[in-house]
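Every chain is named by a letter (A, B, C, D and E) in the order it is written, and numbering of its residues begins at 1.
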Amino acid sequence: MTWFLVHFAQIVFYCLAAVALAGAVGVIAFRSPVHAALSLLGTFLAVAGVFVLMQAEFLAAVQVLIYAGGIMVLFLFVIMLVKARDIPDEPQYVRRLVPAAVILGVLLAALVGVGLWAASSGPPADGAALRLVAGAPLGNTEAVGWSLYRDYLLPFEVVSIVLLVAMIGAIVMGRKETGRGGAA
Amino acid sequence: MGFWDLVTSIVPFELAQGLGVTGRFLFKKKATIQYPEVKPVPKDRFRGMFGFSEERCIVCHACAKACPIDIIHIQDHFEEIEVDGKKRKKKVLDRYDIDVKRCMFCGLCEEACPTKPLAIWLTTKSYEASAYERNERLYFTKERLQDWKGVRPYPGVVSPRDGQMPDDPTGGSAAGRGEPKP
Amino acid sequence: MANPWVAFLLVPLVKIVVILLAVILLAAYMSFFERKVLAYMQIRIGPNRVGPRGWLQPIADALKLLVKEDIVPERAEKLVYFLGPVLVVVPALVVFSVIPFGPAFKLFGYEVTPYLTDVNIGILFILGVSSIGVYGVILGGWASNNKFSMMGGLRSAAQLVSYEVPMGLSVVTVLLMANSLSLVKIVEAQKQAGVWYVIPGIVAFFIYFVCGVAETNRNPFDLPEAESELVAGFHTEYSGMKFAFYFLAEYANMVVISSIATVLFLGGWLPPFPNWLAAVWALPALAWIPPIAWFVLKMAAFLFVYIWFRGTFPRYRFDQLMDLGWKVFIPVSLVNLMAVALGVLLIGGR
Amino acid sequence: MGNLETLKPFPDSEEMEISFGPQHPATHGVLRVLLRLDGERIVDAKPVIGYLHRGTEKIFERETYNGAIPHTDRLDYTAAATNNQALVGAVEKIMGVTVPPRASAIRVMLAELQRIASHTIWLGTHALDIGAQSPFFYTFEEREKVLDLFEEYCGARLTLNSMRVGGQPYDLTDGWVDRCRTFVDQFPARVAEWERLLTTNRIWKLRTVGVGVISAANAIEWGLTGPPLRGSGVKWDIRKVFPYDRYDEYDFEIPVGANGDTYDRYLVRMEEMRQSVRIIKQCLAKLPDGPVMAKVPKVIKPPKGEAYFSVESPKGELGFYVVSDGGAHPYRLHVRPACFINLQALPEMVRGLLVADLIAVIGTLDIVLGEIDR
Amino acid sequence: MISTTHVLVLSLALFTLGVVGMAVRRNFITVLMCVELILNAANLNFIAFSRQLGDLTGQVFAVFVITIAAAEAAIGLGIIVALVRLKQTVNLDQVNVMEG
């Protein structure tokens, strides 16, 4: 019984991993974009759970907030806007790739197996060091914040400009006039 | 003025004022009537359930003609009766039906009635004539018009058979206004 | 406490059950409260037939919705149609796991905390989880295969995403002042500061609450379900228990917004005028009132304001709503955030 | 009328068509509006009517003149008294009957009370459409008081059947005058209360100012009457320009708007309620004695001829065009409904606006489907 | 304790699925979702190594990745909207104006 408690994190991890993989499979398997988006949402939430297990709580929250609360909503919004209820059938040439895919898949599976076997004997990782920035134990959020705004201020600013550019770009493209050969 | 306009455009005083109005109503007396227990009192001229008096009716068909939607059905025949030794023809009512389910309670039949007091009249105050089966329950024959079977009279109002008088808006049961019916 | 099972499973389970029941009951009675207050504002008396003075009305409503025929539109997207109510109600209930209803207290020698857990990213957790609720609304509107529902869903998607930004920004001002993301720590920080954050953060407070009203799709921001425009918006086609889920989620979300407003700005379970005034007046009577009662009282005040708004205001138009969000609330909350940050820097000396 | 067969759910990716109504909470009955939408912006709107058609004009032809009056109650069922007034006025015009002064004073009072009742129901539903719930109940409370007065006078609350050719069927009851005075004395305060709730409210203004604008010239061309016309700044009121029932003896103002938007129409109607109170007060002050019925035969048989007579109903100009062949039944009785003609301007007013504005505009036109479909 | 390798395997699987999806799906929207999947796999790697090395840089970069993902989604979806306006399709095979 205590085994359950000791290995609780691992059990949770496997469950989350299963959900994440199932969601990822769903993304490429579902025909309806809405279903695909929903299963992608499942993947994101599961990955956020994995982040929590990896002691990156702040990132987990950001993942949920931005991916689930923002990006996927945007996806659904666009899916509904363009009314992409049904999509055309798959083109045929993918079929020819099937043998190559099978071979690659087997090789990959072997690689993964080896990796897992190796990992079972490796040293356990420890996240305690993450909480030590400048010698004082801090919350994950605060630690990321210090790091982000002190050590990586320039990339941060650059990224914010990228976001701004993306926003303007999206607005320009989303505007009606572009369709009539106006601006852009 | 310019400054005050700026202030009012930022601070939503008028929204607070609206909240004040609804807030005051929170404590005002409520207008609701608890209907089945408390019944709204209709006014004296209220055009409610019909009354009909066979002995006053002179079978003139005026009410049927006045009815805009022809829901009063009258049939009669002549009978010879002796009055003071002389033979006289008299109209006798065979059928006097009002299809109340189609009635729009305009009161024109009552206005058209030439008898005084009226033979057909809209008795005031009784308005609870709803029924689940409208063809049966809301079709009133001569008899039903007098005993009001199926109609719940307004408290204090009685059916014509029990003494409701045409000129008595209150129904006049307890006070016994007018002569008692035979 | 020797048995790890007690600490690890039993206590949280009991808490979960208690909180869930309390929340569901609260949401149900919130609807009753709303109908009553609204009726009194509208010179009516509201539901008064079921039970004494209508007190059993929510139960009757719930029973009615339970046994009602569940109609799925013929051309609805069945799976998503089913998923909509689930997706909207689960986040609404999950959020309650981090809301501190009161301080820790002793019960039978155990220290019991009247909240499920105190996450160190509490506020982020709430913002994140409640942002998932929007899926239920969009997907429900989309899956119904009804143009009015679809418009309702799209409207709410845009609305919820837009108003989350100023809401988050106004929350950040509190985080700046409290220097923590944990809800319990925020309340404790207000106790130490001796002042509720509503006073230094008055602008943030208003923005937060108005955005909260918008987030919960309530009047005057109830466009996704504006009955005069979109019939019932995204839940037009829903009936029975699925409708009840949307209904429950809306009221649960109102309780969430009110609770968070209480925690962030009104000192959570603290009695009014923390420290100084209570000490000066030495009101021993106030001390008798348990902290949870204070919390519930403040929360109820917010809920009342919700209903008051609904009873008073007309509805915004969709573009006006977006204008208000993007052109007023976001700039104002940004400026306010900077001002508060400056204030914290100057006064707090951090 | 929309060609229903050609309506596709999604004509192309941008536009969609929505059948707005007839079972929609905000179309005030069974109006159906076919909307072409670009997102939420209205490209085109076509009102589709006829869901409440009862053939009233044909029914009139088989009724006696007095028997037609209850049918007029059901045209604009929120304003039965003015409907009665228009019909009896038209018949009296053919017959050349002059109504006794007391009867015409009663008619004016009934008509003005009816205007108040109609405007209160308009304000309540209009505000409800725009999202303000409470005014609906506040206005209905006042409307009930008006209906109580009606009930006391003629025995019915909604479908009054309160006028007859040649005068009034009843005299006022004892105490009616006092109760009416009590009502009109307290009513302006209530109007002020509603105005406190709405007139300066920024949300209300956002929703109504500049919405559904129609210029004065356009309004005249569309044949608008009543508050929609006056909201555009045209000072046109049948009570002033073709006075009937001795309206020229009363002192009252015609409120007009300036911009022709929903907000101005709102203000016009609010002021009209106050003016109605003013007229009723004058009626009460100098209520003449005397009979309430002119000398008319029991069976109304107007001479051969025709007449058009219109009154200023709460919705606009309500006219009855009566053709008599000398018999007891009208040969033809045509109604010039105010709402029907006001509704025609709807597409003009909502083009380019949002769906939410359509609601506001339908509300501000104050349509009643009973009168439109007849 | 979850070993880093476990996370890496999960990340690898997600990445592969994303790539496969990009290869087999011709729906622009699905392809964009696959890109998000790949970015998430990358994030998992960052986080795993960040924990392994006890260094916050990985987490910080994950933040950047999420930001870029948001930007990419905004642009991509903007392109989709424009595309649908122009050609009424979201199928990538039919979008070949650049092929000359």
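We adopt the following convention: a residue touches a chain if its C-beta (ideal position, glycine included) is under 8 Å from a C-beta of that chain, and two chains touch if they have at least 3 such contacts.
All values reported here derive from a predicted model rather than from experimental measurement.
Peer 1: Mind having a look at which chain is the central one, using mean CA positions?
Peer 2: C
Peer 1: With centres defined by CA atoms only, which chain is the most remote from subunit A?
Peer 2: Looking at centroid distances, B is the chain farthest away.
Peer 1: Need the CA-centroid distance for the pair subunit A / subunit D, whole Å please.
Peer 2: Going by mean C-alpha positions, subunit A sits 62 Å from subunit D.
Peer 1: Any idea how many Å lie between the Cα centroids of subunit A and subunit E?
Peer 2: That pair's centroid distance is 7 Å.
Peer 1: Hey, how far is the Cα centre of subunit B from the one of subunit D, in Å?
Peer 2: 27
Peer 1: Measuring centre to centre with CA averages, how many angstrom lie between subunit A and subunit B?
Peer 2: 73
Peer 1: Name the residues of subunit E that each touch 2 or more other chains.
Peer 2: Within subunit E, residues 84-85 contact more than one other chain.
Peer 1: Please set out, as single numbers or ranges, the residues of subunit C touching at least two other chains.
Peer 2: Residues 41-44, 311-313.
Peer 1: What are the residue numbers in subunit D that touch two or more other chains?
Peer 2: 13, 134, 137-138, 141, 197-198, 201, 203, in rising order.
Peer 1: Within their complex, state which residues of subunit A touch subunit C.
Peer 2: Residue list for subunit A touching subunit C: 1-2, 5, 32, 34-35, 38, 41, 45, 48, 57-58, 60-62, 64-65, 68-70, 72-74, 76-77, 80-81, 139-141.
Peer 1: Mind pulling up the subunit D residues that touch subunit B in the complex?
Peer 2: 63-64, 66-71, 73-74, 134, 137-138, 141, 144, 148, 151-156, 159, 161, 169-170, 173, 193, 196-198, 200-203
Peer 1: Per the contact definition, I'd like the list of subunit B residues that touch subunit D in the complex.
Peer 2: Those residues of subunit B that touch subunit D are 12, 14-15, 17-18, 20-22, 25, 31, 42-47, 66-68, 104-108, 111, 122, 124.
Peer 1: Quick one: which bits of subunit C touch subunit A in the complex? Just the residue numbers, please.
Peer 2: 4-5, 8, 77, 79-80, 83, 119-121, 124-125, 127-129, 131-132, 134-135, 138-139, 142, 150, 153-154, 157-158, 160-161, 164, 180-181
Peer 1: Could you list, by residue number, the parts of subunit E that touch subunit A in their complex?
Peer 2: 1-10, 12-14, 16-18, 20-21, 23-27, 29-30, 32-34, 36-37, 40, 43-44, 47-48, 50-52, 54-57, 59-60, 62-64, 66-75, 77-82, 84-86, 89-91, 93
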